[in-house]
Every structure is written in C-alpha cells, then in structure tokens.
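There are two complexes below, and they share subunit A, which is joined by subunit B in the first and by subunit C in the second.
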Partner chain A sequence: MGRMAFVLRRLLMLVPVAVGVTIIVFFMIHLIPGDPARTILGIHATPRAVAILHRQWGLDRPLVSQYWLFMDRLLHGNLGQSLYYGVPATGLILGRLPATLWLVCYAAVLAVLVSVPLAMIAASRKDGIRDHVVRAVPLLGLGMPPFWVGILLIYALAIHVRWFPVSGYGTGFGGHLHAMFLPALTVAIALAPVVIRALRASMLTVLGAEYITTARSKGVPRSRLFLRHVLRNAVIPAVTVLGINIGFLIGGTVVIENVFAIPGIGQLMINSIFQRDFPVVQGVTLVFGVLVVLVNLLADLSYAALDPRVRFDR
Partner chain B sequence: MSREGAGTDGAGGIRGGAGTGPGGAAPGAAAPGGPVLQLRDLKVRIATRRGLVRAVDGVSLEVARGEAVGLVGESGSGKSMTLRAILGVLPPEARVTAGQILLDGADLVPLSQADLNRIRGRKISMIFQEPMSALNPVMRVGHQIAEGPRVHLGYSRSKAAERALDLMRRVGIPDPERRYRAYPHEFSGGMRQRVMIAIALSCDPEVILCDEPTTALDVTIQDQILRLLARLCRESGVSLVFVTHDLPVVAQLCQRVAVMYGGQIAEWGDVRDVLLDPRHPYTLGLVRSAPDVDEVRESLVAIPGSPPSLVSPPPGCRFHPRCAFAEEDCRAEPPPPLRELPGGRRTACLHHERCEDVLATERSPR
Partner chain C sequence: MSALSLPGLPGPAPAQAAAEHAAPRAARRWYRQPALMSGLVLLGIIVLAAAAAPLLTPYNPIAQNLNATLLPPSARHLLGTDQIGRDTFTRLLYGLRTDLRIAFIAVLLPFCIGTALGSLAGYFGGWVDTVLMRLVDIVVAFPFYVLIIALVFVLGPGERSIYIAITLVGWVSYARIIRGEVLVAKRQDYVLAARSGGLSGARIIARHLLPNVITQAIIYAMSDIVQDILAIVTLGYFGLGVPPPTPDLGSMINDGQNFLTTHWQLTTFPGLAVVVVGLALSLIGDGLADLIRPGAA
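This part shows the complex of A and B:
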C-alpha cells in the first residue's frame, strides 16, 4: 500500500459522500415551497403555461423518478439544464468555480500568514502579556459573524480610506489579489483564531519535548530553533485543524460572496435558491461536498508529507 | 540486571580507569593549565507548589582535560539538574541561584542565552538518556548532525554534510551515505544513541555531558556505547561528565566519581578508591545494594528509608535519618562540609572511619 493506493481509496470514498449529498439536497429542495415555473413566468402565468413548463422540465413526474433521472444524467457528467438561464448547469458552475476557489485559497493563505507569527509570539512566552493578548483578541473575530466583519471592513478600508474596492472579483492575478483582499481577510478573520489556538497549543507541547532541549543544548539560535525545530513539528497537528476548518469555510463563502458581490458558486447558489433553479442548487451543493472531501484529503496528504513517521499502510 | 554489561570483559564488576577507560595515562595529573570544567558551590533552586526545591545545593567538582568524571546517586539526588545547569538548559521553573560554572576559567553562570549559544554544542555538548525523544522526529538524521557545524563553524551545506558523514563513520553507523537521509524512527535504540554521540562530537567540544546515556539501552548495546565513548574520549581528548545510577558503568568508564545525595556531594575521589573503599555510609550503601556478578551475596542490602525532601531537608547531614552511624553532631546545622582525605579524596561524613571498620570486619577471613 503506497500513497497512490491511499489516495485512490479516499477518492472512492467520495462516491458514497456524493450520493448522500444528492439525496439530501434533492429531496430537501423539493420541500421548499415555491415553483420555478411561476418564478420565470411571473404572477400572471396561466395554469396551462405552468403545466407546459413542468412537463418540459419533468417536474410533473413522481419525485423518485425525477431523482432517478437526475442521477442518470449525473453519471454522464451532466447536471441538467438551468431552469432559469436555460444553459447547462455544469458550465454555469464551472464558470463560477474559480472565484470561489480563489477566495478559499486566498483566505487560507492569509489565515496561515497571520496565525504562524502570532502563535509563535504567544507560545514563546507562555502566560505572558503577549500570550494573553494573542489568545484574547482573535476571539473577537470568532465571535463576530463574518458578514458583519465584512461590512465593517468595507466601511473602513473600502469606503473610508479607499484602499480596496467595495466589491467584485478583479481581473488578472494582481487584480484578483487586490479586489479579493477584503473578502479573503473577512474569511481569514473567522479562520485564524482557531488556527492560532491549535498552533499555539501544539507549539507549547513541542517546546516541552526533549528534542527541543537537545536543540538548545546544541546552541541553535532562537530564531532557528523556532523555525526549524518548533514550528516544523508544531504544524503537523495544526494542519488537520486547518483542513477541517477550511471545510467549514467553504460553506461560509456563500455569505461572504454575497456581501462582496463575488461571482462565485456561493452567490450562484443563493440566487438559484431564490429562483428555485433546482438543477443548479443540486450541482453547487454537490461541488461543495466534493470540495470539502478533497480539502480533507489534501490535509491528510500534507500531514503525511510533513511527518515522516506516517505510513500509508493499513 | 543491567549491570553485567559493564563487566563482560573484565574479572571484577568494578574496575578502575585502566583498560577501556579513556586517557589511560593518569589523566588528572596530566592536565595542562588546570581543569577544563569546574563547578564551585553551585546551587539550583526549583520553584514548585510545595515550595522551593534545593535540587542542587552547593556542588563543587572539577573535570580535567580528557578525564571522565562520574556523577552517581539515586533519582532526585540532583545529578541531572547539575548537568542541565552547566549547559543552561534547566526547566523554566529552575534557576541557578549561587555558585560558578567555570569553563577554561570563565564563568558561564552570568552569560545570556545568546552568549551561551556560542558555547553550547561547540565547547560543551550533551547526550541524553532517551535517544528517541531527544532526536527531532521530523528532521533527517544527517541534518541533525550537520546542524552544529553549520551554526557554530559556519560550514557550507556540503561541507557540513561531509562532516556529518565522517562523524557517522566514526561513531560506527553502517552505510552512512544511505542513513544520512533517514529519520530517527528508522534507527534502532543503539544507533540513535550513536547519532546523539555524533551530534555531541560534531564541533569537537571540550566537554561532553552524558545524562544516563545507556540507561534506556539493552545490555549488549550499553556496552558497545560505553566502549565507543571511551574510545572517542581517548582519541580526541574530550572530557566526559557521566551521570548514572549504575556503579559498574562508572567503574568501566570513569577515573573520578562524585557520589551525590540530596543535592549535595557526599563523596568524591578516584573511582577505585570510592567504589572499593567508600568513606561515606551512603556510598557504602550504594555499593552494597548493587548486585555483584562475581560475588554472590546472601541478599542485596537496601538502604533503609527514602530520599530526603529537598523542600525541607533534614538539618545537618542530609543522610543522617537513614544512617546507621548517625550521632548527635550529624544533626547540627550547617551540613558538614566536604573534608579532604589523603589521596585527593573528599567526604562529607563526620564519622567516615566507621566505614573502614565495617569494611574491615566484612573482609576479614571467615
């Protein structure tokens, strides 16, 4: 059993997860009152016109057979037509996916960039003033809802000092980096407190380890001690925490994308829910499920890459 | 039963500095320019919830160039704390509160951590008891050995790697080119300890502090490691301070020994003198409680009682509550200082002649 076999097994586990997601989403969305045909045709729609659309979309069939049809298409890589836009849902989602991935990765990088130095400062003098500050202040970020943090940031940094645009995605790498800073920071503020705490705790454990005494007895300077010996060991447990929380965060982007008007799949999802655009909602949810599983797989793989003691056999 | 290893190739369970001992030719006397390392009235206090622990309470000793000095005693007698104090790697709640640690005559106690970093690993290095937990689990073994030369000697990456390979060869790690890139968990206990030794040797230090480096190893490996240390000592003229509770190990490796009790030195002198002809009742108890392979005793003699509380030690001689020779003067403060005996020996016992009497009656022909 090598790394490849491990990855394959984990990818196979995606199948039951995906099936579970489709079942839950499919039946839940049909529980929501509202009718896509009436959304499109407006309030003056005749019953006949509604019936024609229903027939055209297969909505007049029993739910189970609708689900069957959906799964049959899905296995052919087809998520169905968007009821609202009249284009394939797959293309719609793929077109929106990059913005969301950008936001998630950007936020994760920002969170790590903020967390590593802060955790180091906190752990280097346990129970000192700086430790207490580093432990207390980020809790504010954890306590405030992200959409509120986002609005505050927009007000302060986009409207007041005009360093960043109020909304949008930007064009090109630099454009994305600039335009997406505030939304990414918003997400990072929600993510960082958890990572800081995890990293600080594992650094304190590592600092008590005998091999740190060895490194000190070798006369390794403090900066090198922290980077090469403490941090390198402490990130291993923190990576898992980061992975799990990025999973949560993917769901959180739905709100943030709407606050900042980022054309990602989160925004697409909200709009599609309002339009009762069933195929798109199902597709986006499925993509979210797959993303969460992939991120956790990635966390496990990086865990193994960071810790030479991890073996893939079992 | 871990004691047999030390006596495998000799007649007695206790041997002097000759044979495998490093620097066979009178190391103490041959030292030019005085001792390499000298402790003067060293005191270490540990702040705990129960009060201030006097972990090391006025320890003085000296280590000559190329000499191996043993530091023996029960758990909690202050041996390891003494070693850690020398390197400045005490636990955070412990402090050196008095005394001097002289390396080549210069005091290390007032130095900052940054200043100590120029000495640690370069002039003094340390080998730990548990080679598994003492090696960084996520760093390649070769890099851990090469780190010292990189940091202290300013070696380039490739030059440091070469140095590490050379050291791995010297400490007897087979196939060093392949093992260089391995991680500690891929090594056996004995090989890990060889890695530790290579790390300790990496900058050609003057003193290596050994904190029970063979305790976690099985007997045959223990013997190999001791021989390796003795050989390296002889070849490179490095001095050893060897902490252990294992008397035969001290006998195999060291020239002089300090017996510690309750944070203080009870007895000091040549290994052969101290272990064969103790002048302190605690040493006598230690020697008798060690199983002897050659001379099967009726039963092992345990020292009655338990080690003293270091928060509120007994007044006077720390050992008097457990001592069969104790008299009124042993309970008087301050604790009896070390007194000089002929042959460069020192004892803290006021009634050390009683040891002679006991030994004389025991050894008289039955």
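This part shows the complex of A and C:
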C-alpha cells in the first residue's frame, strides 16, 4: 500500500468519527431536562420567544429531520445565533480561536521542553536517586488540579516577583510569548507527568536495544550516544504520547483560559454557560471535537512522513 | 518474568517450581509492596479524617460567623477562616468528604459498563466490536473537560449531573483496556479448553476471562478516580459542581482566589488536599501494577 493510499484510507476513517461528533453535539439539546427552549430562556421567557427558538431549532419536527436541519446549517458554516450577543456563533468562535491555538501550541512546546530533559535524567541511570526523584514527579503531578497550579503560579511569579502579567493575551508575537508563558506552563505541567512516564519507559527500551550496545562497544561517548541514538529514537513515542493526550492538552485550555483571562474559545465556553447561551456552548463543543480529530489526523500523517520505519500496510 | 526466577537460586528444578508459584505468592505478599502499602495507609488516613470530620473539629462547615471573617491561622482556627467566617480546616475536611464520596461513586458505573462492553467486544469481535470501537473513537474525540463541562451544563449543575456526565465519558477507557486484554487472553489454552468443553460465551467471559483481566481495569480505576476528583473540583471551581453552601474543594479554591494576596492559605490548602489524595491513589495503582507485573517499573 502506497503513501497516497494510506492518506486516503486515513481520510476515509475520519468520516464516521466526524459524523459521530456532530451527532453527539446535536443530541446535547435533547439532554436538557424538560422543554429545551423554555429551560434555556428561563422562567421569564415569553411564549413568543419560546416559539421562535422551537422553530429555529426545528424542535417541532421529528428527530431525523431535526438532525438534517442541524447538518444543513453546519455545512453552510452556520452554528446558530448567539442568544446573548445576537450575532452568529460561528463568527464569535472564529474570532476567539487564535488565542486558543496559540496556547495549545505554546503548551505543547513547553511540555516537551520540560519532559525530555527530566526523562533523560531518569533513564540515564535507572533506579538511581535521580531516577527515583523524577519518577516521583508524576505521582504528585497527576493529582494537581490545573487551575490551582495556575493560581499558585500567578501568586508566585506574577504577584510576588512580577515577572509575568497576571492575566491577558499580550500583543504581537513577543507579547503573546511573554503574557502566555504562565498559562502555557500550567498546561504543560498538567501534561508533563504523562509524557515523562512514557518517555522514560521508551528511552529505557531504546537503551536495551542491540544497536546501543554496538555503539557503546564502539566507544561512542555518553553524551553523543544519548543525543544521536537514544533521543532520536525515543522522541517518536513521545510525540505519539502527546498525540494521544492532545484531547487533554486542548481540553486543559478551557480551564486555564478562564484562570488567566485569555480570550480564547475556552473562556467563551464558560462565559456562554453563565449566560445560558446554548448555541455558543454547542458550537464551541463541536469546534473542540473537530480540533482534536484534525490534530490526531495531522499527527498520524506527519508520523508516517517522519519515521521511515512506519509501513503503510496495516 | 517472575520475582523469584532470579539467578542464584539453587538448581533449575526448584527455580522453575518457584516460578510457577510466583504469581499467587506475589498476590499473597501484597502487604510487602511498599508503594501499595504507603498508598493504602495514606488513603486510609484521608478517608478516616474525612469520615470522622464531625469528631475532629467543633465547627459547623456551613455556619457563618460574620464576627470572625478572614482570620489568620491560629490554635482555634488551624487554617484560619474564610470571607464569611467559616473555619477553613472544617470546610476542608467536609469538602474532602463531599468530593471523595462523589468520585468513588462516580467511578462505579463507568467501570461496570466499560468492562462489560469491552469484554463483549473483545470476545465476540465482528460487528459488536466494530460498532463499540467506533463509538469509543467518537467519545474520545472530545477533550475530557470540554465534554464533562458541556454535559453538566445541559443536564443542569449538581451531583446527579456529575454522575451522568462522568459515566457517559468515562466508560470508554475501561472498554478499551478490557477489550485489549480479552483479545489476548481469549487465545490462551484455558479459554480454548473452556470453549471446547461447550461452555457458553457468557459463562466463559464471566467465570474465566474477567477474573484474569479485571486487574488492569482496577489499576486504571485508581488514576481514573484521580481524574474524576479533578473534574469534580474543576466543576466546583466554575460553580457547576455541588451547589453551595455544601463544602467542596473546588469552590473553596475559587472563593479563596479573591483573597490570594492576603490569605494564600484559603487557596493553597484545598488544592494540596487534592494532591495528597492523588498521590495516595497513584501509589496504590503503581503498587498494584508492580504486583501483577513484577520487575516492570
């Protein structure tokens, strides 16, 4: 099976998942207890407003045709009208997307920068003191609520020593880099335990491989051995682990954007929840799902392109 | 690899015999597994403290005392008081009680549903497997926090919604793990023997496969409870969790955030409590994993 066929196959596999994602997002409205329109609009809703929403969402039609209506609008880029702002939800979400994407990429880079050295330190002397210390990191890290870590970082590095702003997005590339360091670091800290664990294990496997023994017996210096042989072969599993946890990475931004007041779609989601702005919450949920599906696709494709050992027959 | 097939044991025969008995012996010596023991002790202390909260503190977690707001830590108020004069240590203990109770109940349904569906998918394969695994793909397409928050929003805040949301999202991991284990185990001789003996599929799964694969799900459940506690605390932080005034660690952190510069203890200690619970459960999970796979770190 050639490269093109692999890409096509992977794209085809996307279809059922994408359809499933839209079905779940569509069904959100039917999880609302009672009459969705009445519940969303609150007790002071006029019968007319309720009737308008009913017609807009097609609630008076059978389920299948409701879904068709939803999909027809979706394919035209229409996520419905924001109940709070009275503008199309699509525009609101697209305007907020850059900040979220920034945070996700920044956090992924920081997570790698934090995890790779720590995993190398641990793997370089298995069962040594340093290994035990690094292995304790995930034990403590897994139980840390990300928003709490964010608050503590704000207290320590933004209020106490004033190195970073307390909140906000900054302007320009340098401004983003500076203003979003703490939020990105917070997400990275939440992600690091999982990555460190996987990376350490994969490095230990690589260290046991025959080509490493060969390189050692040839007298390759330790530093070169680690950088050229171990790291290169261990990074692919690390990228895979990041890929598997991309949902966690992206989901973490919902929480963190609200702690640091970053104008991304995560903040939009929580704000819309408090404004009971159902179409926007629904739209953001869909965009998050699509984002994860696309990033996973990208990871799979680049993985196949980067690693010559990946074969295209399955 | 068993713990006892070490070089240095006298003669091949005893070594082999010992290796054959290694698994049950390891199971019997669970109390000598340091990670597992320390995790169990730690969790025991936390659960006991949370359960005995009324005995450990004289204060009521929801009674306000506007004459004693934002007091610093002292002998009378170990962690001080919050903005409406409630004792922080008391609320911490009762908050642990709330969050631990919800997390331990919330993990049960996903565990059972995921294990059942995963073993069916793994054992029978075919269209059952295809349909279930596609469903898993769809659910994991959503970021965990996003789906939980969205579900709790549409269902309305509160404990019942948390259970439903965590069940709808959480079963997939168990289904994946158990399916993978069953796929391997069903090719083993004992399953083939049971099958050629004419036992029904249901009986083979329940009596022969599940006892052998369930440990993996239990190990995963430890980290899953941690994740559920984080979700519950996060929902509480956003005001979507258990409604006030019921003490909850997430809403405590949120309340304390407003007084961060002057009363850092209000935010720090509820979070630390979550970290310690996470540590205990992670230790238990790691210890259990070591017990069934000795040597693997």
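Here, the second predicted complex is superposed on the first by the 251 of 314 C-alpha atoms of A that agree within 3 Å, B and C clash if a C-alpha of one lies under 4 Å from a C-alpha of the other, contacts with A are read in each partner's own complex, and residues count from 1 in each chain.
In the analysis below, a contact is a pair of C-beta atoms (placed from the backbone, for glycine too) under 8 Å apart; a residue touches a chain by one contact, two chains touch by 3 or more.
Being a predicted model, the structure only gives us computed values, none of them experimental.
Enquirer: Determine, under the contact definition given at the top, whether A:I121 touches first (subunit B), second (subunit C), both, or neither.
Expert: neither
Enquirer: With both complexes superposed on chain A, which partner does A:I24 reach: first (subunit B), second (subunit C), both or neither?
Expert: second
Enquirer: Taking the superposition on A as described, I'd like to know which of subunit B and subunit C A:A45 touches: first, second, both or neither.
Expert: Touch status of A:A45: no partner.
Enquirer: Is it subunit B or subunit C that touches the larger share of residues in subunit A?
Expert: C
Enquirer: Please indicate which partner A:A158 is in contact with in the superposed arrangement: first for subunit B, second for subunit C, both, or neither.
Expert: neither
Enquirer: Could you look at A:F147 and tell me whether it touches subunit B, subunit C, both or neither (first, second, both, neither)?
Expert: second
Enquirer: Given the touch rule stated above, what does A:V7 touch, subunit B (first), subunit C (second), both, or neither?
Expert: A:V7 sits against neither subunit B nor subunit C.
Enquirer: Please name which positions on subunit A make contact with subunit C in the complex.
Expert: Going through subunit A, the ones touching subunit C are 16-17, 20-21, 23-24, 28-29, 31-33, 126, 135, 138-140, 142-149, 151-152, 154-155, 159, 201, 247-248, 250-252, 254-255, 258, 269-270, 273-274, 278, 281-282, 284-285, 288-289, 292-293, 296.
Enquirer: Flag every residue of subunit B that touches subunit A in the complex, lowest number first.
Expert: So the residues of subunit B touching subunit A come out as 87, 89, 113-114, 116-122, 125-126, 128, 130, 133-139, 147-148, 151-152, 183, 185, 196, 199.
Enquirer: In the complex of these two chains, what residues of subunit C are touching subunit A?
Expert: These residues of subunit C touch subunit A: 134-135, 137-147, 149-151, 153-156, 223, 226, 229-230, 233-234, 237-240, 250, 253, 257, 260-261, 264, 267-268, 270-271, 274-279, 281-283, 286, 297.
Enquirer: List the residues on subunit A that touch subunit B in their complex, please.
Expert: 209-211, 213-222, 224, 228-229, 232-233, 236, 306-309
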